[in-house]
Amino acid sequence: MSDIATRPAPNLLASPLVKFGLLLAAIVVALAAGIWLDSSNTLYAIFVDPFRQMAQAPDLLVQTIWEGLVSGVLYALIALGFVLIFKASGVFNFAQGIMVVFAALTLVGLYEKGVPAFLAVIITLGVMFALAVAIERVVLRPLVNQPDIILFMATFGITYFLIGFGEALFGGNPKQMIADQLYLPKGAIDLQILGGLVSLQKIDIAAAVIASLMIAALAAFFQYTRIGRALRAVADSHKAALSVGISLNQIWVIVWFTAGIVALITGIMWGARSDVSFALEIVALKALPVLILGGFTSIPGAIVGGLIIGIGEKLGEFYWGPLVGGGIESWLAYFIALGFLLFRPQGLFGDKIIERI
Amino acid sequence: MASGTAVEADTFPKLLLRNARERAARVAFRHKDLGIWQSWNWAEVAEHVRSFAKGLQDLGLKRGEKVAIIGYNRPRLYWSMCAAQWLGAVPVPVYADSVAEEMAYVLDHAEAVFAVVQDQEQVDKILSIAERLPHLRHMLYDEPRGLRDYDHSKLHAIEAVMQAGAKALKDPQQAAALQSEMEAGKGSDLGIILYTSGTTGRPKGVMLSHYNILIAAEIGCSFDGLNESDEVIAYLPIAWVGDHVFSYAQAMLAGFCVNCPESPETVIDDRREVGTTYAFAPPRVFETMLTITMVRMEDAGALKRRMFHYFLGVAKRYGEQILNGESVPLKGRLLYRLGDILVYGPLRNRFGLTNIKVGYTAGEAIGPELFRFYRSIGVNLKQLYGQTEAGVYITMQPNGEIKADTVGKPAPMVEIRIDDNGEVLYRSPSIFGGYYKDPDKTAETMTADGYVRSGDAGFFDEGGHLKIIDRAKDVGKLNNGDLFPPKYIENKLKFYPNIKEVVAFGQGRDYATVALNIDLTAVGNWAERHNVVYASYQELAGHDLVYDMIAKHIDEVNRSLASEPMMGGAQIKRFLILHKELDADDGELTRTQKVRRGFIAERYAPLVTALYDGSEAADISTEVTFEDGRKGVISARVKVRDAKTYPVTAEGAPATAKAA
Amino acid sequence: MNAEPMNVTGTPLRDKGEVLLSVENISLRFGGVKAITDVSFDIRKGEIRAIIGPNGAGKTSMLNCINGFYQPQEGRVVFKGERRAKMRPHRAAAGGIARTFQNVALFKGMSTLDNIMTGRTLKMKRGFFWQALRHGPALHEEIEHRRVVEDIIDFLQIEHIRKLPVGKLPYGLQKRVELGRALAMEPELLLLDEPMAGMNLEEKEDMCRFILDVNNQFGTTIALIEHDMGVVMDLSDRVVVLEYGRKIADGTPDEVKRDQKVIDAYLGVAH
Amino acid sequence: MLYREAGQYKSTYAADMGVFPLREDRIGIAVILAIALVAIPFFGSDFFIASVMIPFLVFSLAAIGLNILTGYTGLISLGTAAFMGVGAYSCYKLTTLFPGVNIIVLILLSGLFSAGIGVLFGLPSLRIKGFYLAVATLAAQFFLQWAFVRVPWLFNYNASGAIEVPQRTLFDIPLTGASATPETRYFVCLGLVVVLTWFASNLVHGKLGRSWMAVRDMDIAAELMGIKLLNAKLMAFAVSSYFAGVAGAMMIFLWYGGGEAADVFSIRLSFSILFMVIIGGLGSLIGSFFGAAFLSVLPTALKFGLPALGVPIGGAAAEHVTFMLVGALIITFLIVEPHGLARLWQIGKQKLRTWPFPY
């Protein structure tokens, strides 16, 4: 047996470059202070004003947190798809975001072609299953035992293919999700909270509920079914899974199909809140900071991470965004994750990184 | 290359100094060492040799004393020959792979006072026999690795000796003294003693003067127009006359560059890197190259393989004519040109023979197919017939008169006579002065009128080309009086790539039989392709399908023997495949890889008996020596097979053919 | 041309008096698991020091502490008179400690030559811009170090694999290349973690010879972990024996061989 | 088959360490350079030069940059486009601040800015590895892209938010701007790419390159050899981003000739360049060229090639098909030759060297 140990964290301060960075930061702060003392209210605007606003209008704060919560739930759902696949096959599935879009597009597209809504859902599930089988056959099986980065790149290939395929089939224009036909609620509930009106979209509530149900269902699946246990086993050891009597290839299909179902549900919920189009792809990338926050292999991590990211970026955008011209939602999530990462390289719930020689 | 130079510079040190004067900046030696070709030009070499000579002198080396030189081809070892000759001492190169026993005999017999060796391995070997070498005073080594802790009272690094010499030479008086020591040397002085490995008995020391060797070098240089732009790779044992003439004497005379490979394993790569223009190799080397070629081509794609064989066919048809400058139809010329781009050129490149001007093969008969193959792809390969006693050259093949089954015409300055019993006798200015300390043997070999008995039987064909059949004493008779030339039979069989070694029996018996070794590379590859599973040489050799394959070869040989004059009676009637590979370490081959027929017949007596008593198989146990010197015993049951013989078609031969 | 394979410090051969490195009361824990408990020993200049012990005795951890890959919670490592609680790996390298690994840790994508050249990194001083030009000083520097590397290649007799990628080499050769890479650092102290693990008899003999030659020719101090007791007894000047992270014996091979604790713990059980 | 290695021996280390030790390879490079310098400008149409060759060169340089980071040092980056953007915007600012300085100098200088930004975003690489790092580089991608839009100072407060490429000349020949001919722009690109590739080749064959590969192959061992991981990694980020930055500046100034740059430097571009590196071959400079050629030429070829073959295909549909094909080709490539085109090239070369033998 070789000796194993966790390595003590490298002393960041020891590096001259970090020292330099800190120096730079100090200069920046000093400069800022100078500017503040001199004329404007920069520091005030950053460190005081947002909190003043929160305190003054708690209803707005609640509204913002709610919205963050809902998008967080959806991020978590996408991240869940990643985690499922990464855990079971070690593949970093970049295509998860596109699978969401593809599932939603298929559903809507089928409906537009005259298929009844619920039948369309079932057919879409069938399509997702076919996709899982195809991916296993065409991509995973020939690439077995290749380095991770190769598999990672292959999922890029899948992404590109699905974009082209989806657009070729259903056209590139944004579409409306068939929310009504699926009996998803519409409208909003207005609540009188803390002296203001907080408007909760019913669809958001539904999304949160469905997402929770889904996570519960998945948890049950993993906990109480034979296949689920096999899937958990495969994350630890491929041999263990084989001993349950399921081939690795089957496991891959199941996992990818499960990820497909998650993708479809995510797609429906998300599509109901906005349009169904490939612009969603970028939004789907938001699941990535969720992942580094939560750890690639942890389902609770994906959920907690999703919520942190969702709420964090909404608050940031609403209260601090205007200071720099807005739109910081596009990157804030990554910085939040990065910040976490510097202190916990393995993520919130990730396995400890062990180095051995 | 006018013979005038040989007169003014009548010893090798003088030649070296002439080269240092006339082509000082031309590269004289290269040695692949530490990843690159380290190079020395003639001026540097001359300076090193001078310092070396001085160093040796200061260690006490005197005129007429012998210096043993042991190791693979290294520049410093060649320099040590010249340094010894500078002082009038006599270098005695020794085979580097000789076991301690053989080495002890040679060093003792030669009364070597100094030994210049390559590395620790040789130092250890000599130290292990030191008490049997009363004359040995000093040992010098080239590679210091591992020798640091050795007692250095009698052991010196060549580098250190040279440095000491160079330092001493700063004194003009000493330099002058050394110079006059060199000038005192004459062409008629004993230049070198080369010990022949000899198929029987103890090695004999062949004494050759500077003059002998210079004449030999001159013969070769002028015959093939060698000059200072040539490149040769020195990889054959330095103790062998061929290497001494090609890599030392001719390089000195013509001023061309000698390239020493990094190690024996890298010779092929090194040869390719250097791109030799003048090459020498025993048939075995060419055979291995061809075998590897054919084996590798088996793994090539079908299309490429077909193209390859198609163009080899083209080469077979036109190649040799084109090389000989004969007229060839336009279509043939064009096809050959195309083949040159697609096959021959790349092949020559892989063999490292792209720049080859002339290549020689000798030592043993080369298979006609093999010989023609190389010529057909544009390698000007020639045969020569030579002996140490002749200072190498006896016959050579002049350009345009090259036949695969003869060894050519008498070399320049060489006279040849065929004795009544068929033995070839020769005389030339380069023949040796006698065996060292062995006047009896000398008298046996030399005739009164100055001819040397070659010991080989042969005859001249109608074109005046010499054809060698076998060792004169080996050409025997079967009980019915039919001629039995064992080597002739063996060679015919060895020309098949699947067969590595053959021993023919028949002298004083009723019929001819053979015991043979298969070639593990070729047959192993064949086995792989035919799904024949085997774990060892022994297993493969005993396989029935292998026997079938060999039987086919023997059948072809019998057919050809039946069609030749006087050879029909020597058709092979029974054969077996030996269970182990014949090995020089077991004494079955000589150090030059020739089979020792008598020894083998004794060692494998039960098998020989089985060949003649009609039994289907025989048991045998043989003691073998492993590489690390340990001994073990191999036991096996060896199968014996009958072969088909043919009625004799050629005239004048007794008809003994019958179906088996 | 190649009278001396390497320009190693001209220290006289095997002056084994001086202590080169000493380990003082080292304890190392991983979480709650104690890997090493209060171990002290020293390594003298020019000697071959073996660290032996049953599996899991903390031998590799010990080496890791010595060259700074692990930081012991207690105790100190004194190297060349410099006492430090913490050693950073690249500092250790710069200070003259090189090592090989139990499971070969070569740079798989690089050739033998390049692998050994990385051992010269610390000795190469030319800056970025000269490197980008690769002419003049940077090229001279490369050539100068290539010479040293070629001496090592010659020394280890790996000429024939000079330009092959190491990933595909047989195990025994990989181990040899790894030794070469460590030697290229011209270390004062060479740590060898099971240099002969997984080798056949012939390869083991070769490796033994190389280790002795390194020690002998360059005067390099060597600390090695090895399981083959025969090898340890033949090679080493002194042996320290660990068991469950504690030192149970320390002395010449003969002394250790006779030590009852060692016999119980190790020799009697494992071999 | 074409190789004649006999006689090509090396008697100095300098010769032995050459990048192209074989004469035939040197001839090959000379031929390629001659084609690039003479044949293409003479025989290529303006369209070919402007829409095929210039993009190819720009992408090649960016791919070399990413290859240094990902292929040689083993750090995956998804932020290449952003670093290219930094180069482009730096160059734009430099042209406004120093109108008198030659544009080529400015393009080369602008790379320094992206190198600096690259180092900043490379800092996390000390603590995080693999996919975590890949995601971290997305922070750079999105933050910088956001900055390109939201920081008006970067585009000189243009109402359109676009970069305007001024006309700049060398010896009165316009190099940039509307009146610069495709040929001139091509020559400038070619010159920059050749010189920078030479630098890159020198670096990867020297101490720094070995340190990078050591970090990639076995970072722990590298550290114990005395290689400082942080320095090696940040150096890789710096050099990589420098190349990306120069490529970005070239892209806007010599290819696009201006425009709304922020959209150009999107995550899509980052992905594309990563594909080029993977398909071309990780850890191979020549592979970067192959990858760039493959992925920059393929869409153009499909767009113009399919209609030419009689496949009726509209603009939008063509794009969809291109996407599908690129996706499918990536997967196919990874399956057939995970080591990329460079490996195929190497195998082909080896075959030629050992011809007629199969090995």
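The first chain written gets the first letter, and so on, giving A, B, C and D; residue counts start at 1 in each chain.
To be clear about the criterion, a contact is a pair of C-beta atoms (placed from the backbone, for glycine too) under 8 Å apart; a residue touches a chain by one contact, two chains touch by 3 or more.
Since we're looking at a predicted model, the values are computed, not measured.
S.K.: Among the chains, which has its CA centre at the largest distance from chain B's?
M.R.: Chain A.
S.K.: Which two chains meet at the most C-beta pairs?
M.R.: A-D
S.K.: Measuring centre to centre with CA averages, how many angstrom lie between chain C and chain D?
M.R.: 41
S.K.: Find the geometric centre of each of chain B and chain D from their Cα atoms only, then give the gap between the two centres in Å, rounded to an integer.
M.R.: Between these chains, centre-to-centre, one finds 57 Å.
S.K.: In whole angstrom, what separates the CA-based centres of chain A and chain C?
M.R.: Centre separation, chain A to chain C: 47 Å.
S.K.: Quick one: report the Å distance separating chain A from chain D, using the average Cα coordinate of each chain.
M.R.: Computed value for the inter-centroid distance: 31 Å.
S.K.: If I count partner chains per residue in chain C, which residues reach a count of at least 2?
M.R.: Only 69, 101, 105, 146-147 qualify.
S.K.: Give the residues of chain A that touch two or more other chains, as numbers and ranges in rising order.
M.R.: Correct list: 357.
S.K.: Could you say which residues in chain D touch two or more other chains, in rising order?
M.R.: Only 13, 220-221 qualify.
S.K.: Residue numbers of chain C touching chain D in their complex, please.
M.R.: Residues in contact with chain D: 67, 69, 89-90, 92-94, 98-99, 101, 105-110, 114, 117-122, 124, 126, 128, 131-134, 138-139, 142-143, 146-147, 181, 185.
S.K.: Which residues of chain D touch chain C once you look at their complex with the stated criterion?
M.R.: Contact set of chain D toward chain C: 13-14, 17, 199, 202-203, 205-208, 210-211, 213-214, 216-218, 220-228, 235, 283.
S.K.: Can you list the residues on chain D that touch chain A in the complex?
M.R.: Residues in contact with chain A: 76, 119, 123-124, 126-132, 135-136, 138-139, 142-143, 145-146, 149-151, 220-221, 230, 234, 267, 271, 274-275, 278, 282, 316-317, 319-331, 334-335, 338.
S.K.: Residue numbers of chain D touching chain B in their complex, please.
M.R.: 1, 3-13, 15-16, 354-359
S.K.: Given the complex with chain D, which residues does chain A contribute to the contact?
M.R.: 9-10, 12, 15, 17-18, 21, 92, 138-139, 142-143, 146-150, 152-154, 156-165, 167-168, 172, 282, 285, 288-289, 291-292, 296, 324-328, 330-331, 334-335, 337-338, 341-342, 345, 347, 355, 357
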